[in-house]
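Both complexes below contain chain A, partnered by chain B and then by chain C.
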Partner chain A sequence: MSSLYHPTVARLTYRALLGRRRALILFSLPGLLLVIAVAVRALSGADDQTADAVLGGFALATMVPLIGVIAGTGAIGPEIDDGSVVYLLAKPVKRPTIIFTKFIVATGVTVVFSALPTLLAGYILNGNGQQLAVAYAVAATVASITYGAMFLLLGTITRHAVIVGLVYALVWESLFGSLVGGARDLSVQQWSLALAQKVADNGAVTSEVGLPAAVLLLLAVTVAATWYAGRKLRTLTLAGEE
Partner chain B sequence: MPPESATQQRADVIHNIGYRHYDGPRLGRAYARRSLFSQSLRGAYGLGRSAKSKVAPMLLAAVMCVPALIIVAVAVTTKANELPVEYTRYAIIMQAVIGLYTAAQAPQSVSRDLRFKTIPLYFSRPIEAADYVTAKFAAMASALFALTGAPLVILYVGALLAKLDFADQTKAFAQGLVSVLLLSLLFAGISLVIAALTPRRGFGVAAVIAVLTISYGAVSTLQAIAWDQNNTDAVSWIGLFSPITIIDGVQTAFLGAESAYPGGFGPGTGAGLVFLLVLLGLIAGSYGLLLRRYRKVGL
Partner chain C sequence: MTTIAIDNVSRWFGNVVAVNDVTMNIGPGVTGLLGPNGAGKSTLIGMMGGFLAPSTGSVTLDGATIWRNEAAYRQIGIVPEREGMYDFLTGREFVIANAELHGLPDPRAAARKALETVEMDFAGSRRIATYSKGMRQRVKMASALVHEPSVLLLDEPFNGMDPRQRMQLMELLRRMGEEGRTVLFSSHILEEVEQLAAHIEVIVAGRHAASGDFRKIRRLMTDRPHRYLVRSSDDRALAAALIADHSTAGIEVDASGGPEAGLHIQAVDFTRFTELLPRVARDLGVRLLTVSPSDESLESVFSYLVAA
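And then the complex of A and B:
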């Protein structure tokens, strides 16, 4: 583990992610979720179906992918963008170590800013009725891990990582997911919902994917993306600003 | 000649390397503003930039237009009595694409000037902060208007080819154009204000999309809940809190559109006035914020 985790790289990544303005957007999204949760609870009282709508429709479908994109690509994208990554690469630190450390930090940030507020919002909305709060928090956690790995990989592949990541999160998962059934099988959101289904009371949450397949796919995507990002960093070419 | 006077004569010759003053016509502020506008507008579609940066805007523009072509083809072959999609509804349906385009292009228009510190160079020319802001704002709004207006033109031409009623279609088309014009101004204003805050392009992209999508996600979730509880007043008032639902509200109240709100409970004329005021206030406010942002030349 020690050879895979580099504290200095972690500290630099952490500071880049939670720099002044970046932190603002990271704080505002969970804040908005909590405000909505409080408002809904005050207006309509505790209701399981409403809680499901807010947690599933807003927290897991919109907030988690967005925070994943910001944290995942933000962990490495800006460094590659302004070329300062060469100073990091010139140090005697293994490329897979750099990627793994950044992955840990990005995931940690995403979990803190998406899974915890989801749990809180769940408790505010219906006091964890039908285990909904815990179920969606678990889903948000696993989704954060996989999103972290995927968007970190994107950050090493393309300079337009944020846009590509957003296209995946918005167009693929929400638009195609609602139109084409097959797209739903290939969506991190559905995989993580499979876990939520297991945790929540019977029938409270539904997913398109079976639990074993979902766990397998989540693990496979996370590991493969992290591994490939490490490889990609070894052959990184720095391009100038177009 | 004595040596002293020779050196004295040469003293001013050394510096004179033949530069001449420019005494031709000067094109002035208006010309510079026009150039900045046209360059920014071209840049928003990747024209005059590298091939790679043409991919995203052109692809998104194509994605905007293809459904319109399909709709027209269906309408012509089935000899329908009206288009399956209203002019005013089209932009609401395609809002994800419009949002992505806005998020991708607004930061490239202003963030890089901040990052490479070209802003002071602009302001060392005759143009002033107001010119810069006006040109960028107008360029972004025009780019968005082209993006959202093109599919409407396709729909209109298709509707005329399908021999639908000319007067009806023209009126609906004009209403659609007004609605997308307002949408372009609103999106351009919001996105430029956000993008002008950060020199990092990637971060600007994420921030713009976050504001556009998160607000819409929150609003539509709340509207769905309010509708579940039959609170139809709340459904329309909640619409005030996200850009696209404001546009929806205004066009429902004034432009003969059917609301895309849950259950179609858009605002009536009275509430619509509030929507219109908020919309105009947001556009004017974002222009004011941009002016404030660029007041300091060095930034």
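And then the complex of A and C:
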């Protein structure tokens, strides 16, 4: 089998993701976003500025990276931890195929649980006024792809992937990114905002990074992380050996 | 007919040498890899299974390097020691997934056959999370057998199994060996290995200590000098009588009254000495208060083998 996608690997991965306790977080965060959206709309009516604050401040800055951490690291970390990855590795399946399949699943799950709710919340908040709902959903989608690759790599190289991922997502993306100028240039959130800026009405969304640079960086990080994860998996020395 | 050749293989982790210049060939039939815990058995099996690169030397399957060679898994079935195995699946789903990963033309039929072989078809629709240790082990076996490999590698397969499950698995492995498959299993229990394996490889502290059939290994193990700590109502009288017999090689009298006080006896003929001691004590009218082997741990048995 020379294709880059293996349906069995995909099935095992998404069943693991949606079957464990992590699934609760996968469902609760988007649920929270929708509750906030409905509450805000009911209490203060449709308002573009509030919509921008909720979608940019909570959905893209916090929810997308968190879901990305859970889906990305969860797509491979627990298997390496408990040793069950042996059953994938001891097969005539190319290691890059395993990684690429898991990347597709992690990204898909992140899109479904973050980009889709973002779109929905946007419509609830202000009925897609100034194209905000679509713009942020596009940003969430591209961010999902890059996060998927980054956190999958993290799950492959460290046993503390969730912690490291959370620190990155919360400290770097949410906190640092909004306080320190330099950090913003190196933030998946800002890169994806560059696309949102393009989609939304003029001036409704702003990014620190220009569109060409943003696209280039998103692509580069995604490809490099996926490639490196495949390489790591090829020479994975299983934990728990003597 | 498949042979795994291990050629001058060493493997170290940082400064720790786990496997030290081992050379052996594993051919068809059942081979037991015997050694105390931490001897390097798992490291060796890891290299045979392609999960670890040898630091030096080569591990090959009919001449083809196993490390970084996914195609080798068409011929190898692996039963890992660790428990992790997709607990959220049913046993059948798990074995079918393994069959699909092997790219078998009819994964369902192959899974059914494998589950029947390990007598687990009755529980195939239960989730693995609900299985007992022995059932998990059998489903692991089914997943390793599903593509009918010519080589089967099992790391401590009998750990935690009850006697009945142990018998069943032994029977199964014996059958696999008779069918001409190359079956290798590791264990730190001599009795386990000699019941099942026609051929035994002993590994101690990373070194290849002995190789042969179980009679040879057993003889090496029982013929070694045994050390005993004996306390009695008259240590010196007992010592004098015992040293007169050629089954003892040396006796040290420790009259210090400390925790190790008593007679430290080195016996060279195990069987003879075990008959001699009670007879001499009875004839002398000496009461035996303590008779305890002071080096019966498996590690000391094995370290004797290495020195031999």
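Everything below uses one rule, namely that the second predicted complex is superposed on the first by the 237 of 242 C-alpha atoms of A that agree within 3 Å, B and C clash if a C-alpha of one lies under 4 Å from a C-alpha of the other, contacts with A are read in each partner's own complex, and residues count from 1 in each chain.
Operating definition for what follows: contacts are C-beta pairs under 8 Å (C-beta built on N, C-alpha and C of every residue); 3 or more make two chains touch, one makes a residue touch a chain.
Just so it is clear, the structure is predicted and the values come from calculations on it, not from any experiment.
Asks: According to the stated criteria, A:Leu233 is in contact with first (chain B), second (chain C), both, or neither; which is it?
Replies: neither
Asks: Between chain B (first) and chain C (second), which, if any, makes contact with A:Arg11: first, second, both or neither?
Replies: Only chain C is touched by A:Arg11; chain B is not.
Asks: Is A:Leu32 contacted by the first partner chain B, the second partner chain C, both or neither?
Replies: In the superposition, A:Leu32 touches chain B alone.
Asks: In the superposed arrangement, which partner chain does A:Val167 touch: chain B (first), chain C (second), both, or neither?
Replies: first
Asks: Looking at the overlay, does A:Leu195 come into contact with chain B only (first), chain C only (second), both, or neither?
Replies: Neither partner.
Asks: With the two complexes superposed on chain A, say which partner A:Gly57 touches: chain B (first), chain C (second), both, or neither.
Replies: first
Asks: Where on chain A do the contacts from chain B and from chain C line up?
Replies: The answer is residues 81, 241-242 of chain A.
Asks: Going by the contact rule set out above, which residues of chain B touch chain A in the complex?
Replies: Touch list, chain B to chain A: 49-50, 52-53, 56, 96-97, 99-100, 103-104, 112, 116, 197-198, 200-203, 205-207, 209-210, 213-214, 217-218, 220-222, 224-226, 228-229, 234.
Asks: If you look only at chain A, which of its residues touch chain C in the complex?
Replies: On the chain A side, the touching residues are 1, 6-9, 11-12, 15-16, 19-20, 79, 81-84, 86-95, 234-238, 240-242.
Asks: Spell out the residues on chain C that touch chain A in their complex, using ranges where they run on.
Replies: Residues in contact with chain A: 18, 38, 40-43, 46, 49-53, 68, 70-71, 73-74, 76, 78, 80, 82-86, 88-89, 97-98, 100-103, 143.
Asks: So in the complex, which bits of chain A are touching chain B?
Replies: Interface residues on chain A, with respect to chain B: 21-22, 25, 29, 32, 36, 39-40, 43-44, 49-50, 53-54, 57-58, 61-63, 66, 69-70, 73-74, 77-78, 81, 160-163, 166-167, 170-171, 174-175, 241-242.
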